[in-house]
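Presented sequentially are two complexes of subunit A, the first with subunit B as partner and the second with subunit C.
Here is the complex of A and B:
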């Protein structure tokens, strides 16, 4: 199967951590153009191979994964437009490096969900661990629950929306993009951020270095209203806006090649 | 990489490059960089996931070497735009030019996929439905005289 031929190079695993068999089991049930995978008896690699085979090779645009069982690294590296639904909780590094999918997770996710996401929409109907949306570059990541520390660390674009409380160092080293935090936020919000915008509805324990209050504009309100409507989060509450004070870091001081890394 | 791309790109490696642009990487300038009508058919909302323009929210009109330009994150380079930009449409045009560039398969990052992608993936990613699969025949280079350790 073309979608997985490239993986046949993985033939050896001294530590027993890798599923070396790259056979696509073809266990998905396809009906009316939609596929359902029961993941209860499958390894992480088998699940991901099945998903890729469906969306890359078979032209399926809607995949549901049942019983994901908190397995790690599910749904990673999907680089096409499709819909995915996970009926259950996922482990760490779920949905990393995706570009285009629209995903719903009916459960919780572990740390580093959606790290390096390029485009798409991910809605988590539950809580998420630390490092949610690490280095995200685009798309919408919506957590309808609480999150741990360092949400959006190194964020380079996109929008992260948290309906519950967020932990410490949220927006740490943020470089672009937007965060909409509808609950309370822990200490060191926006620590060492270069750029980007953080909106907070609840209480902020403390601000990090060079994170300063900003002034809400009509554009900010239009953006927040639009996103909250998309994700059934009601009407915008009164928000505080935070931006970079530009005293610690400044794009103008960067080498051109460094500047490109954060565009 | 060849040192002789075109007259408009006279740089010689290993000269330090501080302004990487698409034309330098591909050796080409595309019609949609010179003619605004080339982007007429682009529907931004249709071209992106979700209910709005999604990741394009972060794409704005920038400037490189004094010329309006949009940044292509898939090749880490600027795509310059040479026509007059109507006032108030800067970001819209930047986004449409970038989407046209990606859908046409002209981004240098896309060009590299055919030869270097290590895992199977759609060549045109999420921008064009049903594009061919690349990366399914990658063979890692092997040093002459190298032997795999026992067990491989």
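Here is the complex of A and C:
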């Protein structure tokens, strides 16, 4: 890879450890309160520093990143309300641990996008890799393409909407929140889920352990209709609902050795 | 972790060496230990065989270079003895050589004979296949073996983060499907029924160069194809019979295949257009060789795909 701006500035401390270069380059073009960053020659660190400086220090509420080029870990850790647009694809761990932003990605994302999202809206106009929306706690994550395996693993809240097909173990160990899967779904849907709801419009290859069909209620339909209208996904098709069968709930049953301790 | 990449052109030869180098270098963070290439150049009537005469961890003592020369001429002697007509010997580095020869007999006998020379490994053997692997990142290896100018129709590559065997040439990918000419494999993942398959394949006469689990895939596919299965059938069977987490790529003289395990635990991104198919562990690698905004996707779990040039 060619040397990129910022990389040549790496310095080492007395112990030979890398001293983090956290100077903001200030290459963003700001016009009418909107900022644009051309990321093609910047490193991941410099792009993220630039975004953080704009939204936290300069009070800019609308940031557009051009040519992200599939770089990893872009747009992570933004904990305030703002608008971000990425014109191109992002790599792994995109938009992780965000709390508040409203993001549009005009491209695809790699593995673990929006991992641990707390709040906000992310719309991805492309495909996504595996582990999309891992452990999210809130907000809406909309993928207008297909996703890999284990979407919403350990989901603790929020809503994940997938308009394409989804891979295996979707909703694996899900604990709260909702998933709306408008395409076909791979094997082991909702495997070992604790709670939460999964709506599926397409075919389900197989259900995972302790994932059982549920009954669609008026509240379910109202929720799906509202969300689909909001994200321009049309009117709801025929949906199947899946919930936790609660057969694996063994929290009150102590192991014999533990019982002795308690008594 | 490891990174794998593959490319196949549908419109004739391109600078496959340069393209693979760029793809692998962009994934250096996935595996800095060693880099390997399996490239398909212009097919010729003659066989080309790449060998190493010593591995990375072989002691470099005072008569090391003399021993290498001795081994090289020993290999030449073995080739003559099995009836091959050696036309060219190319000394790429002091411990690797490329032999060009005409041969019509059994390739396993030939390869076994060559490997009977102490510390010698056959890296690749075929009419178009060239496997180059060594310690270092993609640019270092490409420069060492002059891959920049290599033209070809398809190829695969691997950057290795060693997890279960030594950092040396024997442990580096790609693996040649010994003794099948022009078949090679790269793999990202771990195989959990390695010893089961190793014992089984050794009993049916296959030999293993390394203690690396990935070698099983190459030998396994070779065995299946020897029984008459096509590449795609052999790969489909491997989904049932190999255990563990894996995404692997396999190349033959005219095709490139990918297989992903049932859990989809290892990544692969796919880009397909009218004249090029590129696959890699990360999208940034594909962006190195395809300009502009592109549409890519991840193949699903349990999928096997084969493309022919």
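The rule we apply is simple: the second predicted complex is superposed on the first by the 230 of 263 C-alpha atoms of A that agree within 3 Å, B and C clash if a C-alpha of one lies under 4 Å from a C-alpha of the other, contacts with A are read in each partner's own complex, and residues count from 1 in each chain.
Definition applied: a residue touches a chain if its C-beta (ideal position, glycine included) is under 8 Å from a C-beta of that chain, and two chains touch if they have at least 3 such contacts.
Just so it is clear, the model here is predicted, and its values are computed rather than measured.
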Notebook entry, point to check: After lining up the shared chain so the two structures overlap, which partner does A:127 touch, if you call subunit B first and subunit C second: first, second, both or neither?
Noted result: second
Next item on the list: Please indicate which partner A:101 is in contact with in the superposed arrangement: first for subunit B, second for subunit C, both, or neither.
Entry: first
Check: In the superposed arrangement, which partner chain does A:92 touch: subunit B (first), subunit C (second), both, or neither?
Finding: second
Note to self: By residue count, which of the two partners contacts subunit A more extensively, subunit B or subunit C?
What the structure shows: B
Note to self: For A:186, using the defined touch cut-off, is the partner it touches subunit B, subunit C, both, or neither? Pick first, second, both or neither.
What the structure shows: second
Margin query: For A:57 in the superposed arrangement: first (subunit B), second (subunit C), both or neither?
Written below: first
Note to self: Which partner chains sit in contact with A:243 here, subunit B, subunit C, both or neither? Use first/second/both/neither.
What the structure shows: neither
Note to self: Just checking: does A:69 make contact with subunit B only, subunit C only, both, or neither of them? Give me first, second, both or neither.
What the structure shows: second
Check: Which residues form the common part of the subunit A surface touched by subunit B and by subunit C?
Finding: none
Next item on the list: Using the touch definition up top, name the residues of subunit B that touch subunit A in the complex.
Entry: 18-20, 48-52, 54-55, 57-58, 62, 71, 73, 76-77, 117-122, 125-126, 129-130, 133, 135-138, 140, 151-152
Notebook entry, point to check: Can you list the residues on subunit A that touch subunit B in the complex?
Noted result: 2-7, 9, 11-12, 14, 52, 56-57, 59, 77, 79-81, 99-102, 118-121, 137-140, 157-159, 176-177, 226, 230, 255-257, 260-261, 263
Margin query: Under the definition above, what is the set of subunit A residues touching subunit C in their complex?
Written below: 1, 69-72, 88-89, 91-92, 107-108, 110-111, 126-127, 129-130, 145-150, 165, 167-169, 186-187
Next item on the list: Quick one: which bits of subunit C touch subunit A in the complex? Just the residue numbers, please.
Entry: 25-26, 28, 262-265, 267, 269, 282-284, 286-287, 293-298, 300-302
